[in-house]
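There are two complexes below, and they share chain A, which is joined by chain B in the first and by chain C in the second.
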Partner chain A sequence: MSNTVVIWIGLPIALSFLLVSLQKYQKITAVLATIIPLILAGLAVLFSNDLVLSIAGRQFFLEDSLVLFGRTIQITAGQLGMVSVLYLVCFAWNAFSRLFIVSQWFNSLSLLITALWVSVQFINPFIYSAVVIELIALTSVPLLSPRGTPAKNGIIRFLSMQTLALPLILVSGWMVTGIETSPSAQALVLRGAILVLIGFILWVGIFPLHSWLPMLAEESHPWTISFLLVLMQVGLALFFLKFLNQYGWLRNLPELDTFLKWIGALCILSAGVIAAFQSNLNRMLGYFFLAETGYLAFSMAFRGSGGLEVLTMTLFPRILAHWALAVSLASMQRITRSETLTFEVLKGIIRRYPFASVLLLASILNLIGMPLFSLYPTKHIVWKLISTDNLPLSLLSAVGVLGMLTMFLRLFSTMINPGNQNHQTGSEESNVEEIGLIIMVVVILMVIILPGLFPNVLSRPVQELLISFENLT
Partner chain B sequence: MSEILTQIPIYLVLLAALVNLTRRQWTINLVALTVQYLFLFPLVRSVLPMELALIQPFTGLMVTLILYLTLVSVGGIEKVKLNIKPTSGEIFRALAGLLLLVMLQSFLPGLQREVFPLVPSDHLFASMGLILIGLLQLGTISEPFYIAIGILTFLSGFQLLYYALDYSYLLEALLVTVNLLLAIVGAFFIVKNAESETT
Partner chain C sequence: MLIFAIFGVLLLGTLLILVTHSRKPSSARSWVIAITAASLALVASFVLRLYLPSEINLTTWHIGSSFEVTLGLSIGYRNWPYIVAVLSMSVAVLLTDTTQADETTSHSSWMRVLSVTALNMVAILASNPITMAISWMAIDLVEVASLLRLSRASKLGSKITSAFGIRILSTFLLIIAASNSWASDAGQVGYIQATNSSIYSLIAAGLRLGVFPINLPFLDSPELKRGAGILFRLMPAASALVLIANLPEEFILFNTNLAGAVQVLTLVAALYSAVMWVTRPDTYEAQPYWVVALSSFAIQSALNGYPEASRVWGLALLLSGSLLFLFNPPIRRIRFLPMLGLLGFIGLPYTLAASGWEGLLPDQFNFTWLVMILTHALLVTGYVRFIMKSDSSVTGLEKFARITFPLRLVVLIQTLLLLNWVGWPGVITVGNLWGSLGSLAIVVAEVLISWRLNWQMPEASLIEKLPFYRLVILLINFLRKIMSFAWLWALLERFFRWLGNIGDFIHQILEGDGGVLWSLVFMVIVAIIFLSVGSP
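Let's look at the complex of A and B:
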């Protein structure tokens, strides 16, 4: 038990299976799935300086590695910060899961998926983590595609893309073995880099291979899909940094930063332009993730000019922004009793549900990066970096942001316009906002606005997060 | 003569994958999947010791069994009708699959020389053939059962290739888990579709 791998990977996996067996007792599984990740995150913070804990004169030592099938899985004290972030995500989504009608497997599988994402960061050789990512995709299926409805195209595409990425990453690992000692192998370096980058493009869903993102967001409950995508975005960002940290040939490839910048601009542009013409809020969730992937790509491309600091600073605000958007979309779905939030459903809704509507609008403004909100300080830095670096990239990104603003204005206009009166008197809707919802909205608004005014509140605790990437920091 | 004998499993594996790509009869597909996994054994055996080579066909049979039991439970297993005329779609898929294999055969020497010099050419042909047929399957149909078969074919081709490049017990354990989970996901989709059709 006194091993970091057992505590932060083995134990949660075992507990998630226990929760599966307790499936009938939904309240108990929800409470346990909330408490367990919180404890694990707390313990990770506690041991993040040193794997020794002194209590009442007694010292508890933790080992930092475990050998499994001849390979080592290692979690050192310096890496526990990453572990705590992943378990905090799990906690945040499980804590509110009872408020919404999500899959009965959400609590147990969310814990399992978080533990698997933790293992992705620490398996040696790290290339094998590609198979764990495939396992995560397969484990996510019951959450994304609830029973009673046929399997839709989004989930099929998602599974296909995740599977296609697996061999690319594994073969790249084999192809570049020993490349560090033969610097003349430029062709191999290029092939390896292309395989790695295409693998990540398939995993994350970068334009034009992003179609599964909005489709999946439309088919699934916003609470579930946002949880999976947030974990995936954080997990894959850290995993890509691991590639950069370990592979000097990739890190030093002169074209890599240019490529990442173009990927970033393309993601922001495509997400913004397509979102501007959308009239389904569920699909927009997918486009917000696409745009955020763009900002992550920019942060990594500008790692020589403080991009990684921006990435760590933006970690918690970004998670909170997606969480707030998920709360607002799931609340809207609950109060309108509608499976998909089309503009038709949202006509005049601000008059009936002002608090939930304000939360939705504020969450979207936050994700766009408007001043006063928590994501503004970091996005402002990224925009500044882009504008001083390359004019075409700044123009493309600006068009993307304008597209998002257009979408916001269209949504705002729909929400204040009474339009079809049927929705005002619809018997299916509950026409009064509960006091609990109102309090929640006020608290969430404070959570997404205060870090915009005081950026250090959320960035200080994660300043040392990337310390284990010694070649990047 | 011995060379012909060693090539029989390769062609049987690829033929089974082509049948799965072409035919849309669940019983035939399950038989073809079984043949595909069984005849992978001699190919895997050529690069791995006996005890390790047994893992993939054994996993494949487990996968097929899971899919078979699920299809039985939803009443999807019907008597095989062999005298059905092939549809235009089936002819198209069969020709596309054959074309891919012919193209692969012509590009194989270059691929082997430039990228996989350590992999025997027969082994490379079988593995890349399975990968390409699996990809074609993924691209030509959206029915979950066939998507599952497409992914399984793609993965078995990749596993076959990777065995000749590198072997790790941890990776093998993870890939076996992926195959079994994939079968469970396929079964989940079959049940879901059956449920939604009855409601």
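Let's look at the complex of A and C:
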């Protein structure tokens, strides 16, 4: 047990299998799946300075690496911050999972998937991480496509993209050896970089390869899909940083930053412009992830001007923003008893369910990056960095944000204007929000507004998160 | 510290009303708490004059990083008069409620008066655009929540959306300006503002004030006709006016073309609103035009390189405006009181607005002079007309109401007079005599005509006898259609639908059966474009 890899990867995987066997006892699995990641996150924070724990005069030392089938998995003290973030995500989604009707496998598989994402960050050589990511995609299937129902287009598209990315990363991994032995081979460097970048584009789902994002978001429960996408976004961002940190040939590629900036602008633009015309809120979840990927790309591109600092500062606010949106969408879905949240369903809903509606609108404003909400303080820095850099990028990003605002206003208009049918039933259904829901909404609103005024609350704990990427900081 | 005391008094008042009312409802007690809190805050704001200028840091974002930002409040001669004006309006509105007895006058409306005043004060005192953007967002959310609670809200849906949308857009423009100004003035944390981004701030303020394009949706609901409703309509303009007053004087040099377009729009908005103001049947319907016309004056001042001069027009908008709009019922016997509101914007030497002429009229005589003087004269005429039309003779008022009814007007008048005296250094000035006398001459002529017409709009049959009647009516109708901007919204809607169709088409391609292949094709196209455009 005295090994970081066993504690933060081996143990949760074993526990997740245990939870699978306890499937019948939903409450117990939910409680365990909430407590276990919380403990793991707490332990990660506890050991993040060094791997020694002193209790009653006795010292416990933790090993930081494990060799498995000839591959090394190493989690040092400095990297435990990242581990704690991933387990906190798992905790946040499991803690509320009982409120919504999600897959019965959610609790157990969410723990397994989190452990797998942790392992992705620390396997050497990295090509095996690609295989683990494919494994994660396959493990997600029971969550996205319940047993007995035919697989829908979104999940097939998702699996296709993830699988397409695998060979690209594997090939780039084999090429890396060649590049490292002859770093001056420019052609090889370029080919390697292209393969890596396309692999990541397929994984993350960047325009025009993003189509699986809205499709999957439309077909799946918002709680499940937001969990998977948040973990994926955080996990892949950290994984890409590991790449940059590890390989100088990629990091020093002159076009890389320009490429990342254009990717960022394209993501924000496409997400905003497409979302402006959507009439299905579930799909918008996908577009919000696309836009946030754009902001992540910008942060990485501006790493020379403090972009990584921004990336760490924005980590918790972003997770919280997605979590709040997921809560609001899942709550809406529950109270409207509707599988997908089309605008038709949401007509005049603000009068019937004012609290749930306010939460939904506030979550969207937060993700767009409007002032007063938690994402604004960091998005403001990104906008500042973009405007310093060049005009076309600023314009594209501004159009993207305007698209998102248009979508917000369309949604607002739908929610305040009663449809004929809803209008008639409106008065009968008023004040049906449970007190629990109202309290939850008030608390969540405070959670997304307070860091908008005092961002240090969320950014300070993760200040040292990327310290292990010594070549980037 | 005094500024915190003012916020504290307002928020404490709100809290006290909430707590006491929930324990044992009593309208009288709630009202006394509200009026005491507002009056104390008003008195404290006058004391604040002794401590100008001063700065208060509220919080610092991202401490220790290279992106440190300080949120704070700053109080100086540019925003102190607005603070006094806003607090006077609150006191006046609370006094108004003693003369009204309907369901909209309740403890919740008084709580809203106090809290909205406090929120607006944060926006007015904001020491930088980020603080202002945050407070704008908070104000807008509170306001939209209030609008959704109006009795006619379900019928006003689209108007509420467009009003909220324009506010959101103005906040977005302000944060763009904040990002840009930060970019060019690294390390600058104080107010405002890089000259190259100030035009965005001006447009943000213009949108918020309803000037670019004329966009004050006419929200018709009974609650908006009374005290608190008037306050909520006028008050949000204050912070936008402060933003204009804080623009750097030389910003126009960097944005000549855009500023030229803005100037034309402002002139058109000013003249059109003044004409509409003078021709509306009652003050309620005329309110939005009053806001647009005087806001245009403020914007014009900034465009002419005298942003500080915008202050007097902003104060006129708030103080003289509330004086007229709160004169309800319009009791004939005391109509001399609102008439004193003219002192706030008539612009004669040594009155409050005398210093405003330098902003309104460019240094060189040109066409703008004529438009501005005519617009000003129309505003004054309309103001006089609305007061002279007052014909109520209320009887049976409660004893206290006989005092509080005129008292609310007196509070506003004394604020006007005080600001005229100690508002800022150099407030007592002769101003531009050409402007003030020119306007006065037109006003006298117009007032004489109005007097002859018994302060009513001329009968239709009389107007029809005027020369070129048909042509003029055609022109006016055409202008009204143009200025309603309904055509613009229709055009935008069509454009949006057209874009939506294209979006649908692309979405069908990408998510259809051959979607993966099409995605790859698109990716190659994007890559080719990226490579051909090259690094920016």
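The rule is simple: the second predicted complex is superposed on the first by the 459 of 473 C-alpha atoms of A that agree within 3 Å, B and C clash if a C-alpha of one lies under 4 Å from a C-alpha of the other, contacts with A are read in each partner's own complex, and residues count from 1 in each chain.
By our rule, a residue touches a chain if its C-beta (ideal position, glycine included) is under 8 Å from a C-beta of that chain, and two chains touch if they have at least 3 such contacts.
Note that the structure is a prediction, hence the values are computed from the model and not measured.
Trainee: Can A:Thr149 be said to touch chain B (first), chain C (second), both, or neither?
Mentor: first
Trainee: First (chain B), second (chain C), both or neither: which does A:Val132 touch?
Mentor: first
Trainee: Could you look at A:Gly70 and tell me whether it touches chain B, chain C, both or neither (first, second, both, neither)?
Mentor: Touch status of A:Gly70: first partner only.
Trainee: State whether A:Asn107 touches chain B only (first), chain C only (second), both chains, or neither.
Mentor: A:Asn107: touches no partner chain.
Trainee: For A:Val141, using the defined touch cut-off, is the partner it touches chain B, chain C, both, or neither? Pick first, second, both or neither.
Mentor: In the superposition, A:Val141 touches chain B alone.
Trainee: Is A:Ser160 touching anything from chain B or chain C once the two structures are fitted on A? First, second, both or neither.
Mentor: both
Trainee: Return first, second, both or neither, reflecting whether A:Ser331 touches chain B, chain C, both chains, or no partner chain.
Mentor: Neither chain B nor chain C is touched by A:Ser331.
Trainee: Comparing chain B against chain C, which has contacts with more of the residues in chain A?
Mentor: C
Trainee: I'd like to check the shared interface: which positions of chain A are touched by both chain B and chain C across the two complexes?
Mentor: On chain A, the residues that contact chain B in one structure and chain C in the other are 153, 160.
Trainee: Residue numbers of chain C touching chain A in their complex, please.
Mentor: 59, 61-63, 65-67, 69, 71, 130, 133-134, 136-138, 141, 148, 153-154, 157-158, 160-161, 164-165, 168-169, 171-172, 175-176, 178-180, 182-183, 496, 499-500, 503-504, 507, 510-511, 515-516, 518-520, 522-523, 526, 530, 535-536
Trainee: Within the complex, which stretch of chain A touches chain B?
Mentor: 68-71, 123, 128, 131-132, 134-135, 138-139, 141-142, 145, 147-151, 153, 156, 159-160, 163-164, 166-167, 170-171, 174-175, 191
Trainee: Touching chain C in the complex: which residues of chain A?
Mentor: Touching chain C from chain A are residues 153, 157, 160-161, 201, 207-209, 211, 214-215, 255, 258-259, 261-262, 266, 273-274, 276-277, 306, 309-310, 313, 348, 350-351, 365, 370-372, 376-377, 380-381, 383-384, 386-390, 392-393, 398, 401-402, 405-406, 408-409, 412-413, 416-418, 423, 452-456, 459.
Trainee: Show which residues of chain B lie in contact with chain A when the two form their complex.
Mentor: Residues in contact with chain A: 115, 131, 135, 138, 142, 144, 147, 150-151, 154-155, 158, 161-162, 165-166, 168-175, 177-178, 181-182, 184-185, 188-189, 191-193, 195-197, 199.
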